[in-house]
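Labels for the chains are A, B, C and D, by order of writing; each one numbers its residues from 1.
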């Protein structure tokens, strides 16, 4: 049975009529999320992930329109359910209804995306870079994004996906990360159940079937810093986007970039650019990109930007096809406020605004502003902010490898040599 | 009285009810055009314009939405009418109805743009580069475009406009061009009336009021070569665009470029590129530009293309934001056939096609092709083909100056030096 | 009398025979330097300079071969001497001998450049960017460079020079910086003489003739971070450069960049590039640049690099004319170790190494390495490391302005608009 | 026995004392060259080579310092000698003395390079692009360069080398080219000997051992147009380079490019650029490249130039690391005169001049000029001028394929796709 979830009515039917073995339950009933700690290590610029107690609520995101991915997702979900106690699997509504019948256990979902940041301990994705960007967008108004473990089905992407074949080892490593180092958990091994901060009873890591064999290596996490983006009308009032979370919180965060573009207009856009509160320049161009270091290998690269290592705390401003010989990309401190204002000279036209490749349904008109800022870094906190991406272990076995150099060569064909193959 | 020319009814009323002094007549009644000759000279790469008999039908094009331009157009039209016998002025319908009442003489227009190539001896524009591109588009299915004399109101553009203040001298120079050198016309000076090839009686140059004082310098013409563009569906059938002339003749010509672009889609376009019948590459990009040397300072420049002198017989292929580190612009022989085919991988999306900055109302879908070729050069003919643009006299008084070097420095700020002003 | 200081003999004669009024004394006799503090402020990313006691030993550097500059230097030196007590002026030997006769007071110099870092409280330069780079090179093996106040005679440069016309106000501002805020100094105002840390008696700020009128604004300082560069032979032994200080200390620091270049060889250089200890790529190119953010507007810009704000803690690697379509500039964390090794494939050729535009007399041969690292940042210290450049006050009167945006527009002609002047 | 040909004395000994089987003879004794015709064909932009009578004097050039190449050269030479009557093989002096003992027949050489253009019917090279450039440099003062058939030993280069394995077929094809189509030669087949224009008796194509089997396909030739370069001092007098031929004739021709470069100076060069006799700009840069379309994939490409198809009649001007944000490469008509003059601002420095990668022993000083022009095209002649390169047959079997598209993809890795291998 395939459910077509058009409107609440059908949805409600899904909750009520599906037999228990393939039940879809509301994610609201799940316990609140567990926030992990991230510790600096001497040997690496990556942080090491430490769960105070085992993660319970796992959000599983998959790429659309790819049957092979769906099958892999089912295999993966079954593996988690069989091997890890007390883990609840959350899916997006369409996915939940598509696959819940494959499982002999209930799955969770919600149509209120805004509750996910409160519930999800960890995210795992199956797909490519676009799938990770989508997962990140669910947390676009959240300061502390849960760690993301991403798998690629076919060719690897730039955002550090693991090969799907590695899923058992990879999930185990993330799930166990920190188990051996944090003393209460060692204790938990013997008692089997421990108290979480919130008073609930959960299964400790000893609940992991089979192969627990003493301290494991902790997962290495790369924080991908984001941009904070707000759209304002010509009176300075915030314009709410499609994202409902946005309406509540204000700014949204971008993992790659925010883009203003002429879109389908065959004519040039005219954009006033302010940097740190000062007028910098009037861009006459197809558009403008404000990108994170992560996004420096995405659209910005295509527009002539330099490649920035994700650990350089910065923003890059890259024009798209500027009508000027002298508009070079700029790299700015991450906390520089930037405003892009639509000049009066655009004569009433609207420009498109997209965040991480998703176009906002409403463009921006004359006098409207896109305001960008670095992500608020929680200074008191021992760990950084951003999107915590679990990195695949370095092939070379070197601790400090963040995979970036390998990605430049293997994926981007950086400085690819001339001559025959 | 302002006529709103919506539909034929109102139009007919304009023909019948307007008093004679401000009459709008149908351009179909005008005599057929006179085709000038263009001669190579020893001292210059520009050609010199030679009318076999004085031009009679002048098409006057102006920029939209610019009241100051309209006033100048009226002044200019009156000047021509008062000083040159037997000249008929043609305007686009909206312009004709806007300004005909300002004149004590009839003006001409037509809603059948396709007849203009048969009637127009010479074109003169008031506006900027966009106005010239628009004028050129009227002749986009014509092989022999009439000479274009263009004026700029404010800042000069890149396509070689004259300053409007020079209009009297400039028009006279074009009108008289070749009068003194071609012997039958010298004769015509005495007889006042001569036979044209088509047997009609016209006024010779002696009809020019006042100041004829022996041989004048001939106008120097730069032929701006065009591209020939056709759109084909996945079965290889031609897809007709908005231009009615196109439906009759097939290909349209572009003066700047043809562009395929992702338009408002926030995702990459995938385009298969064939050069000279061979598969060259799959472009994953915002779009692709195939540009003339003239267009090398337009969109192609913004996308990273080199600057090509208009006399280099070539095409340039410039990608727009390609997802590759190694897609450099290519300069190809002018007669290289190029095909841009929408890859299956675009999954049903449509891309935008624009010619000289005007978007076709229908985009191209999967499997469709944009085929580009150099303009057919009429080899038997002593002159080249392309858009014959009357160049402004070199400031330096040097015959051979085509104004290109001056334009690089003055307009494009080419190699603009660093340091304080 | 012009002294030709070739060898020690003439030098000694200079010391002994010059009459007192124009005496050149040995800088070794000067008291040891005073190290200022730099404080973060809420309103600015610049630091504010605070002297614990007034600076005494001022190193004055001027551009070579520019008579107008020499005259201005004399005027400037006389002004300092007349208005500030207990200030000793140090010049480079050639300058000292050229101008000491113009002064009714002794000046200082030394042929042992290596003692300057111990003596100089503050540096002031007259010339352009090259002069500042030269001043900085004197401290290329020093961790704590004294603050540099730089003036430009003609056109301003990119490194934040002040106009020479402002020299009185500018010098006073730097000299007084912190006088009003640090309490012991306020006390010093009344006592006239205070104890320095080293126990010497010096004149406090009250010694400044005339216009002391309560608390002044402190000077704003931009720390320009440097690169640490070492050259090693194929056995891993350090190769000493021309700089004698270098021989003692090891690495030298670069303010702009270190460059490896094919030099006069008409053929390509082949360089193996290691980043963070991992092999990144083999560069086949004219050369390689490793640049600071400061240097991003110097050679790196000419080679296609992006522009990096000086406060982004980073290095940029920019290839010079690489034989590859896909070698894009890279922006790396400031502390990334980079090694450039001459490949065996260079077949015995030597490449040139230059630091901040000064070529080392010995190039590097096959197997030799240039190793680059970010500057050691003194973590315990409240202020950063790098070259402390005194910024000119923002014209807009805004505290936080570091002049960078103004420099992009005014000097670099960033995104300079098309069209007539 | 290895001859060291230092000076005429040893040389003369070589002539006299070497036994006949390994004799080195003077190339002056050879008959004068036969000039082939080149005919346009309907199906291709390449020309087809037609010998009026079989070629006799073959210049064989090889790469230096490559023992494997020497062995192949010997094999190749033996093959020619055994299979083609009346063919004389010419080598450069050093090569002749290195290998003549391997042959049971005499070889030819000369120390007067300037006689080669009068003697050589055809050139064949073994090596890479550098070897072809060197071969072309021997004819750098000659208008009609003999056809060049080039082989590559290892990886193919960009200039259209054949694989060495194809040498038998390739040489035969060139040697026979036009034999079947030109009627007197068909006749010659029966008579065995024919009269050449110069009255000498030569062997016709029937002398080719074995496999003549009726009309063959003719060799397809790509004319690679060259630049004409002259160096002049500040008084306008020509400065003679190292090339002795140059002294006689004046200008030298470049196949790739002429480069002015700062060389080992660590500072910027300042070059005044004149185009078509007009001042264009002052380049402040590492240097300037004036390149042919052939050279557009060489140094110019590394400096950011576009890729130009060899059949686009043009020059490209590409700056090397210009100190400007707005110095874009320019593509100019092939016959545009360009002058590069060393500005007074260089303060006495010399810059390096190189042609096709070979540095002239004397640089250019202040006020000196490098003047560049397109190659004189012999208009009366039915064929173009330039370097006639024999193209390898298209793999696809398509007549018109000039291998350019294949080279872009295979060698340059043009638009190389992202993602895993």
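By our rule, a residue touches a chain if its C-beta (ideal position, glycine included) is under 8 Å from a C-beta of that chain, and two chains touch if they have at least 3 such contacts.
What you are looking at is a predicted structure, and each value in this text was computed from that prediction instead of being measured.
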By mean C-alpha position, what chain is farthest away from chain C?
B
Can you work out the whole-Å distance between the CA centroids of chain B and chain C?
57
Would you kindly tell me how far, in whole Å, the mean C-alpha position of chain D lies from that of chain B?
43
Averaged over CA atoms, how far is the centre of chain A from the centre of chain B? Could you give it in whole Å?
50
Chain B, residues touching no fewer than two other chains:
301, 322-328, 412-414, 416-418
Hey, how would you classify the chain contact layout here, line, ring, star, complete or other?
complete
Chain B residues touching chain C - in the complex, by the definition given at the top
155-156, 324-328, 410-413, 416-421
In their shared complex, at which residues does chain C touch chain A?
45, 275-278, 280-284, 293, 296, 301, 305-309, 311-314, 316, 319, 322-333, 336, 396, 398, 400-401, 405, 408-409, 412-418
What residues of chain D sit close enough to touch chain C in their complex?
259, 263-267, 285-286, 299, 301-304, 320-326, 352, 354, 357-359, 412-414, 416
